[in-house]
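The same chain A turns up in both complexes below, where it pairs with chain B and then with chain C.
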Partner chain A sequence: MIEEKFVIPKKLKLATYVLIAIGLVSFGWGFVTDPQRSWANYLLNNYLFVSLAVGAAFFISIQYIAQAGWSAAFKRIPEAMAAYLPFAAVFFLLLLFGVHSLYEWSHAEELAHDHLIQHKSPYLNVPFWGIRILLFFGLWILLTKWMRKISLKEDREGGMRYFYQSEHLSKVFIFIVAVSFSAFSVDMLMSLQVHWFSTIFAAKMFISAFLHGAAVITLIVIILHKYGYLQVLNRSHLHDFTRYMFMLSIVWGYFTFSQFMLIWYGNIPEETSYYVHRWHGPFQILFYVSIILNWFIPFLFLMPRSNSRSKLAMVPVIILLIIGQYVELYYEIWPATLHEAKFGLLEIGSWLGFAGLFSLIVITYLAKANLVPKNHPYLEESIHHHF
Partner chain B sequence: MYKTSIRGKLIEGDKSLAQISTDILAPIDAKTPKWWYVAMTVSLAMFGWGLYCKYITLSQGIGTWGVNNTVGWGWAIINFVWWIGIGHAGTAFSIFLLILRQKWRTAINRAAEAMTVVAVACAGLFPLLHMGRPWLFFFVFPYPNTRGPLWVNFNSPLFWDFVAISAYLLISASFWYFGMVPDFATIRDTTKSKIKKAVYGFFAFGWVGSSKEWLRFEALSFVLGGIAAVLVVSVHSIVSTDFAVSVEPGWHTTIFPPYFVVGAIFSGFAMVLTLVTLMRKLYKMNDFITDSHVDAVCRILIFISLIMGTAYLTEIFIAWYSGSEYEMFTFFHNRITGEYAFQFWAMFTCNALVPQLFWFKSVRSRLWVVFIISILINIGMWYERFNIVITSLTKNYLPASWAGYSPSIIEIGFFIGTLGMFSAGVLLFFRYIPMIAVSEVKSIAKFNEEIQPNEDH
Partner chain C sequence: MIGVFDNEFDLVKAFEKVKARGVKIDEVYTPYPIHEILEGMGKKTRISHAAFFYGLFGALLVLGGMYYAAVVSWPLNFGGKPFNTFPSFIVVTIVATILIVTLATLFTFSARAKVFPGKQARIVHPAATNDKFVMVLLTDGSAEEAAALERILQENGASEIIKQNEPHG
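And now, the complex of A and B:
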């Protein structure tokens, strides 16, 4: 068994505090000068980091369901990422104050004369929207906390019992998250353009969460390895992490193409409005940038075997993927709310703030338990992983 | 490192490598069982009826079918999509499970690949005959011609279909065939019959099993596998665009490509399960196709069934959410309720609800229940295509052009003919080809030993 305790370096902790402070200052300044833009930033970062947490939790579940052995040693990292969910829940409830700045359907005067909004109002109304946030986060938090608890119990007691329990919970989790995260992305992003609809949208956002979640898990593993932790990490593990990013970026590209091509080919105004609104100026550039960052570069650079096993090749791709996620969400939110591509210190500062908080939570939870799960039945297999 | 104490055994009964060959190849040298003749006769009778219906179609025309101006696509297209979907399992098994390092796939992939080739051949017949003048089939090829500006329409998904499916058939057939070469060589070397020795020797390409040959063999499988993995996704995505690029309500929806791919793999896996349970029962392959194999396929089916369920719900939700009255009519008045409610609910029950029974270990471990559920999924997937094709076509934007549809006896016969063709193909496969990939099963035999040491890198 490997006894490995993560000790939070003082400097790192300080750095996260600084980042959080930057975020607070940015939001403070933003809400005074430009509230709507600040709410847009608030939504973007909230959604971004919550999808990382959900993506990480989904990653754990998939490992259990598929009975994957190689990843057992790295399970604590996605667990720590999923610990962000309760904090995200609070932030999302605060979003209720910003609902009027962001969502057209929440305006009474729009509701009065717009038939489509009236039609959608049984689903898209502020109280039900808030209830859904509560419900979704309640379920996600309950299940991820439960899984974490079982995982820690397994550390102490061992045996196959907790392994089967985790597997069972994973099944329940994917069952719930498939439906709830789909609805969540419709609520948060698709309803920004209240008249527009696309059936693949939810699936695309789900894959995006999984892709970027997997990328961030990999990044954290690599960083920990660099600082002397997780010495079990070998090239085969790296290759498997890469496969997740590679495969998911292909799926992301496939879903994105599928949405774009079918809407372009069908050429119905109800659907094309989304792209027409984004087919000029900076947004048109971002359309391509998003595809290049999220699909093209990972696809091309992670294809050779030597690259998929090299940290030197993986880290830049991961960083581009993180930027890619930001671009993807920016492309969703800005055209729908601010209608122009504003980008400045406010955007950078608010992202840094959230990133600082997310990192603080992740390192806190990493330090709370043994970094390598002790009695995982597949641990041996994971340590000696080689292909 | 593979711990059998945790993972379970991949092959039951502590077999030696030689024993594995003998056990799997036994049916080929054994006397043909009686049930085989019976099943073959039935299959050929069905196939014969199909031939008769094809003759009628060719000699009298598409008028002998139930299709009309409004419902221009009937059973033919439903069956085409259904068979293509089933034809996806072979590649899904061979490639996706290979990438995921699922060692248990080795016992099943041969059967799945064989099934693929026959199913894709069945599928191809439908568009061919639906053309009305199949002897002008070559018009779909993009080749220089003297017909003036008439040229294949590169904007048409029907042309993409042709390209994708012919590529898929070519690649999956080569993949299947090259995978069999080492096994043919084994039969050549072990059989006592001179004729068999000559025939299998011919198909074995002079394989001797040197390490050089194995290296090339593995490189080839990897390349063909990589191409086939892409084709599996592209074929059914393109089949879905046959529908989705139109603006028919119920067809034009952005989720169609992945939804079709998942549906295809779903029906393919269900058909694999049907075959595998039969193989296990009829040829007593319990040691190779163990309970945990059946269990694993069932688990995959629950997962895919969940995706299918989510996709159905998404479609229904967005139909309402879009606020489009045509979409709402199609989904709420023409599918969930109305004339075609039975077909809708048959689809929903068989694909989204019944497979949920696999959550229970007691269900997964009862072979006959598994068999029945696998058949129900096949039926459910057929109804899914019925739902998509017929409900959208019968009643669309203009009520004046609404029309009903019921298949004629000729169309039904055509479908039954392909069922016969499929089962005859599968029976021939059972009889003359090693139904489990011997060489691949041998490669996992070492995992039966307790602990595999591995050097770390």
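And now, the complex of A and C:
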């Protein structure tokens, strides 16, 4: 049993407040000068950090279902990331005010003469869209909070009972998240181009959430280790974290390529519109940048055993993956809403604001519980993990 | 000299002691891989590097082959697509590369380990293919050395000790 309390450094807390202030100023200035672009930024950052939280919650579930031993000591980090979900729910409900700036299907005049939007309107209409946000977040928050409660109870009381409960809840959670997050990414991103559809889109966004969630979990673990916490971390743990990033980046590349290749080969106008829209200027470059950052570099660079066990090699890849996630979402949202690649202080400021808030929530929840679970049945195995 | 052990822990203890004495350990047979033994034997494999280069070679070979067939040798117009339909080559490349890597690595391993179909199996001890842990030591032939090793094996819980003067096989 390891008694380890995370104490929030004053400077870090101050830094997150500064970042949040930067974000608020950026959005304040943005909504006055260019509301549509601000809403696009709002959607991008909201979706980005919700993916991380959902990816983290999915990570815990996978560990429980597989009864993985190695990760038991690091369970609090994804738990703290999942604590962002209630805040994200509020932000997504606020998106209802921006729905007309982003989504073509919400325009009454489009609905009046566009047959396809009429056909989709029983599903894609503003009230039902809002209800779905409530429903999805309700389910995610309920399950993640419940699992957190069980996890803290296990700290106090011990025994196998809470492990089995968590495992059971995890099984429920992955089924719910598979369906709900798919529908969520379709609602939030795919419906931006209401005439276009892709059946692998939801799977791709889901893998993206898991990949970048795993990358951020790893980054937080490495940072905590650097500042003297989580001293149980060894090279074998790092190798296991790398395996997640490596494996998921391959799946990400596979799905992204599948979507592109089939649309390119089929050459059906209603499908190709997505890429035709993005096959010029900066967006064409971003297509390749996204593949290089999210697949090519992790795949090639994390392959050698020595790299996959070294913090020095992993941290740059993680940072590139975080940039890669931004690029991927930018590539989804900007061509569909603004139709041109605008990037400036507003984009940077709003990302910093959300990053600050996310960090503040994560560190707050890390400080609330013992940093290493006390009575997790696999804790010993995790501490002595070695291969 | 051959030491047969009933469990992993006895084997590892004896293994460390024998190694500390500087005796050459010829081979250890275990029902499953044991980390300490893998490290202790000090054998490094370069087969993963070989596999990487087979993969690189295979990918280039397949891509080059398809490019040659579809663009250079016999260009055909399929539905107005360019001759070099690169994205559709990728799928074939992935699958064929996996096949090339698998086969080439298998052949490399067989050649290096001198394993081939129909080879007479070298069974050191009948239980080595079953649930026992078997360690084969090469002694220098002197009687004191043999006695000392036997004592080490016995003290560490060997269930059976077989003395052989010649290398088995």
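By our rule, the second predicted complex is superposed on the first by the 387 of 387 C-alpha atoms of A that agree within 3 Å, B and C clash if a C-alpha of one lies under 4 Å from a C-alpha of the other, contacts with A are read in each partner's own complex, and residues count from 1 in each chain.
By definition in this document, contacts are C-beta pairs under 8 Å (C-beta built on N, C-alpha and C of every residue); 3 or more make two chains touch, one makes a residue touch a chain.
Keep in mind that what you see is a predicted model, and the values were worked out from it rather than measured.
Applying the stated clash criterion after superposition on chain A shows that chain B and chain C collide. Within the superposed three-chain model, A:384 lies in touch with chain B and out of touch with chain C [touch as defined at top].
Shared-chain residue A:303: touches chain C; no touch with chain B. Touch criterion met: A:202 reaches chain B, while chain C stays clear of it. Looking at the superposition, the partner that touches the larger set of chain A residues, chain B or chain C, turns out to be B. When the two complexes are overlaid on their common chain A, residue A:113 makes contact with neither chain B nor chain C.
In the superposed pair of complexes, A:11 makes contact with neither chain B nor chain C. Looking at the shared chain after the overlay, A:265 reaches both chain B and chain C.
Superposing the two complexes on chain A places one region of chain B into the space of chain C, and among 37-45, 109-117, 127-135 or 199-207 that region is 199-207. Applying the stated touch rule to the two superposed structures, the overlap between the chain B and chain C interfaces on chain A comprises residues 261, 265, 386-387.
Against chain C, in their complex, chain A makes its touches with residues 257, 260-261, 264-265, 267, 303, 305, 386-387. For chain C in complex with chain A, the residues that touch the partner chain are 35, 48, 52, 79, 81, 85, 87-88, 90-91. Contacts from chain B toward chain A in the complex involve residues 1-3, 6-7, 99-101, 233, 237, 241, 244-247, 252-258, 299, 303, 306-307, 310-311, 313-315, 318, 321-324, 359, 454-457. Taken in their complex, chain A has these residues touching chain B: 65-67, 115-116, 119-120, 123, 160, 171, 174-175, 178-179, 182, 186, 197-203, 234-236, 243, 254-255, 258-259, 261-263, 265-266, 268, 270, 377-378, 380-381, 383-387.
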